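Shared chain: chain A. Partners: chain B in the first complex, chain C in the second.
And now, the complex of A and B:
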């Protein structure tokens, strides 16, 4: 994996998800027409109502490919691999790429494409998954009972999001907005929610935000890990862990490896900033299902307590088991027992 | 007026096009180059003089000259185009469908990928027949049995089609996404380079299979030499060369050709000598005696041609004595390789 640093020259890619009617097209039109000075290429999966002269808009039909590597949830988007590949061969340069998925798309194969394909990973970086939510209709979508084995796409799209744009707040009362936010946080505790009307959201908060840059996420909202009080009867939840101390690298690798191998199907997203015993830098990781990338980030400051913060977002998560497993990786765990 | 590169290698010509080249083809006395924004130039192989030009909106992905260089096909992200040498007549089809590949069956018939189907056209662009849709967008094509059978690679299988029926006449299934297809000139083997960083091999006689896995990256370039005994592939910093003579490569190790960090082009020199040219992301072009030594040997290039930084976009031999190289920055250069037996 390429190590992102201050001079990361890879082109950032934003993934826009959300149900039909949530305002994706409105947001897309704003991105394409507003004078933000960025050269943006757009890949659309929804049939194009958007057509702007000086922007490059490409149509794609969703093609999901299994990877044949024994990892049952490792699927990638073949359409994106070929289109992004061709886009990067052009001589003109883009500052940003935006991928609009269909209302019913599963975000996992889209995100996994950026982990699984080296050609893409070397030239592009997944900047953020932005999910548009229709404040007036989302509760009904979240409550929809699906047949056994069928995913609730609304839940999934919220679970995968780095940012939620809570749109159409003018169509509902404050009480409903608050309830929707509570429901969103019950699924995805660390997500940043941006309220909007007519998809009017500051584009700087959705484009090139570095949401896959963990340090930034945790800096912006350091309290998310403790926000786990409001539990609803939803099977998709977040489990945040915040533990002081340093980790034994081998035990951590064994635990995390085993966890993702056995529970990776149910763990949609995982992120963390960890203190590894003997390492002067923070260890930062991001995962989508069974795939995980990690690297050493900035150095721990002298006065800074060595602390581990991580979050799992997924289905049927067992908080106690996760906490127990993780604290077992602390370098002091063996000695204390 | 040729410039000396090395003691016996010469630069026959050197031009620049106003696009980022993606694909090259050379047959007989013609060379064609096509770019990411759809610029297509047909050049005289000896001098590099422009013989024809066309434009394919949406950008080019593949270009192929017919064996007699009488016709050219260009396929691209939003359709395909044909050019006829005799009168310069051009047909451009903006179908909106992704056309990843084109392959000539003979002087007159060409197969063109079009979305999930392959179309077989005459040289004027009239459709002769089409395949049923594959499971995904078609990624590559190859003709078998002297142009009677068309092998089509897409997700989940290589399917072989013939004119008389819409259904495949043979299906070679594999769970995964095939990116590149190579059929041995002997007709004995069908090989696919795959997204899951493997090469999958079928013996056509009985459909028996073999997978070469463990490549660090996806395998998107595969090529048999003229004898059909050697297969070269990317998927790693080293070009791997597998021995397909006799019973095939099962249980053997490849030769490994070490020069590039990332391989961006590879092409066999016409003839039986086992000479290969490869290009890298760093812009270098390497020439190899790719079949020398023993299996598992790590070979060094016989020659390295410096590319001045820009990535190699494509390589093609215009006969055994002229190697054409295109770089991402638009430069096209032809190198004369005088000796038949040496590089």
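And now, the complex of A and C:
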């Protein structure tokens, strides 16, 4: 398997989420036992029942740590920070890290752990959030009415996913599979859905896939960021923006900063490739709630149109407001918005 | 350029944050197994300064602690850290 960037020596990290019964453990056991040629360190909530002689398996007990009182955007997983620090001192023993979360875990603190600390971000790269979905039961989980203020974990796990493994498709008819896929896309339009039975999915499609490497994702699927034509009656959905032109750096900074500060609680994920006026390289960013990591990527090619593609996945997103705010950052848009 | 402390074009940890972490380690006499995080955050609370810096200490065994300094990370001195770490941590 290739790495997303030959110069990127950071350890790829896969986060595995999914409800109890979705097939997470089955997939994890395959990762631990199959001869895939990768040395994987697994951080899980409890030891599986399979032989794990050759694998580095660490037990973790979920510990939510708030960096700032009451701000869900600033929560991280304290257990992971400790374990990842210890793991990195044994760096020569593995090539990849896989983190299994509990069925009811909120993916945000796990993902935010990789955005909160610059030392962790410099050593580890979040490769992909993979969510296992049980085709036979997911609709009832998605439709479950939660008390006021309580999140629907099934919705969140799908919203955060880079890839969904739609498992147990053998237990339902094609019509149901199609309906489940439609519901998944209503929440997370650009997500890649992999159908599976008994969690039999090509491991090359879930491990070291570079789902957080937007350039690579766009090479494989150019419409990735803008496949948001579906409109559904759901509070968690995605908005894609695709606009030609170059952006005024200061205006973009002010708009994006303000957007994440004021709406970050509702914006689960954000990602984009942007053209900054005066910059020869693409500006690539990834965000989880309020935390955002961005850097300049490859250079724009001579014949390539300067274009901006970005997507927001979250709750109660206002497409018109987002589009208006973003186009106001274009260098040609005139005075500051 | 980007908001909230991200730095384009740089994958290495910030030398300044690294220095603050090392100072925290030295002041508290921490071992290598104890994780230390220093992060500048945008504060959205009313009446709160726009940027604060959080120092978190997570020992391998035992309770995690944090201290909040109500100013940007690049304005924090060793004396500021020393004074903050003498106060009771938040949990």
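One rule holds in what follows: the second predicted complex is superposed on the first by the 311 of 337 C-alpha atoms of A that agree within 3 Å, B and C clash if a C-alpha of one lies under 4 Å from a C-alpha of the other, contacts with A are read in each partner's own complex, and residues count from 1 in each chain.
Assume a residue touches a chain if its C-beta (ideal position, glycine included) is under 8 Å from a C-beta of that chain, and two chains touch if they have at least 3 such contacts.
Quick caveat: nothing in here was measured; it's all calculated off a predicted structure.
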| item | value |
| --- | --- |
| Clash-or-fit label for the pair chain B, chain C on chain A | clash |
| Which of chain B and chain C A:78 touches, first, second, both or neither | both |
| A:119 touches, of chain B and chain C: first, second, both or neither? | both |
| Touching partner for A:65 - first (chain B), second (chain C), both, neither | both |
| First, second, both or neither for A:276, with chain B first and chain C second | second |
| Touched partner set for A:39, first chain B, second chain C, both or neither | neither |
| First (chain B), second (chain C), both or neither touched by A:86 | both |
| First, second, both or neither for A:293, with chain B first and chain C second | second |
| Chain A: partner with more touched residues, chain B or chain C | C |
| Chain B region in steric overlap with chain C, selected from 37-45, 199-207 or 271-279 | 199-207 |
| Set of chain A residues, in rising order, touched by both chain B and chain C | 63, 65, 67-69, 76, 78, 81-82, 86, 89, 117-119 |
| Residues of chain C that touch chain A when the two form their complex | 1-4, 6-14, 17-18, 21, 32-33, 35, 37, 39, 41-44, 52, 54, 56, 58-60, 64, 66, 68, 90 |
| In the complex, chain A residues that touch chain C | 8, 10, 63, 65, 67-69, 71, 74, 76, 78, 81-82, 85-86, 89, 116-119, 121-122, 249, 253, 256-257, 260-262, 276, 283, 285, 290-296 |
| Touching residues (chain side chain B, partner chain A) in the complex | 19-20, 22, 36-37, 59, 61, 77, 96, 98, 100, 136-137, 139, 155, 174-177, 194-196, 198, 216-218, 313, 328, 330 |
| In the complex with chain B, residue positions of chain A that touch it | 58-59, 61, 63, 65-69, 76, 78-79, 81-83, 86, 89-92, 117-119 |
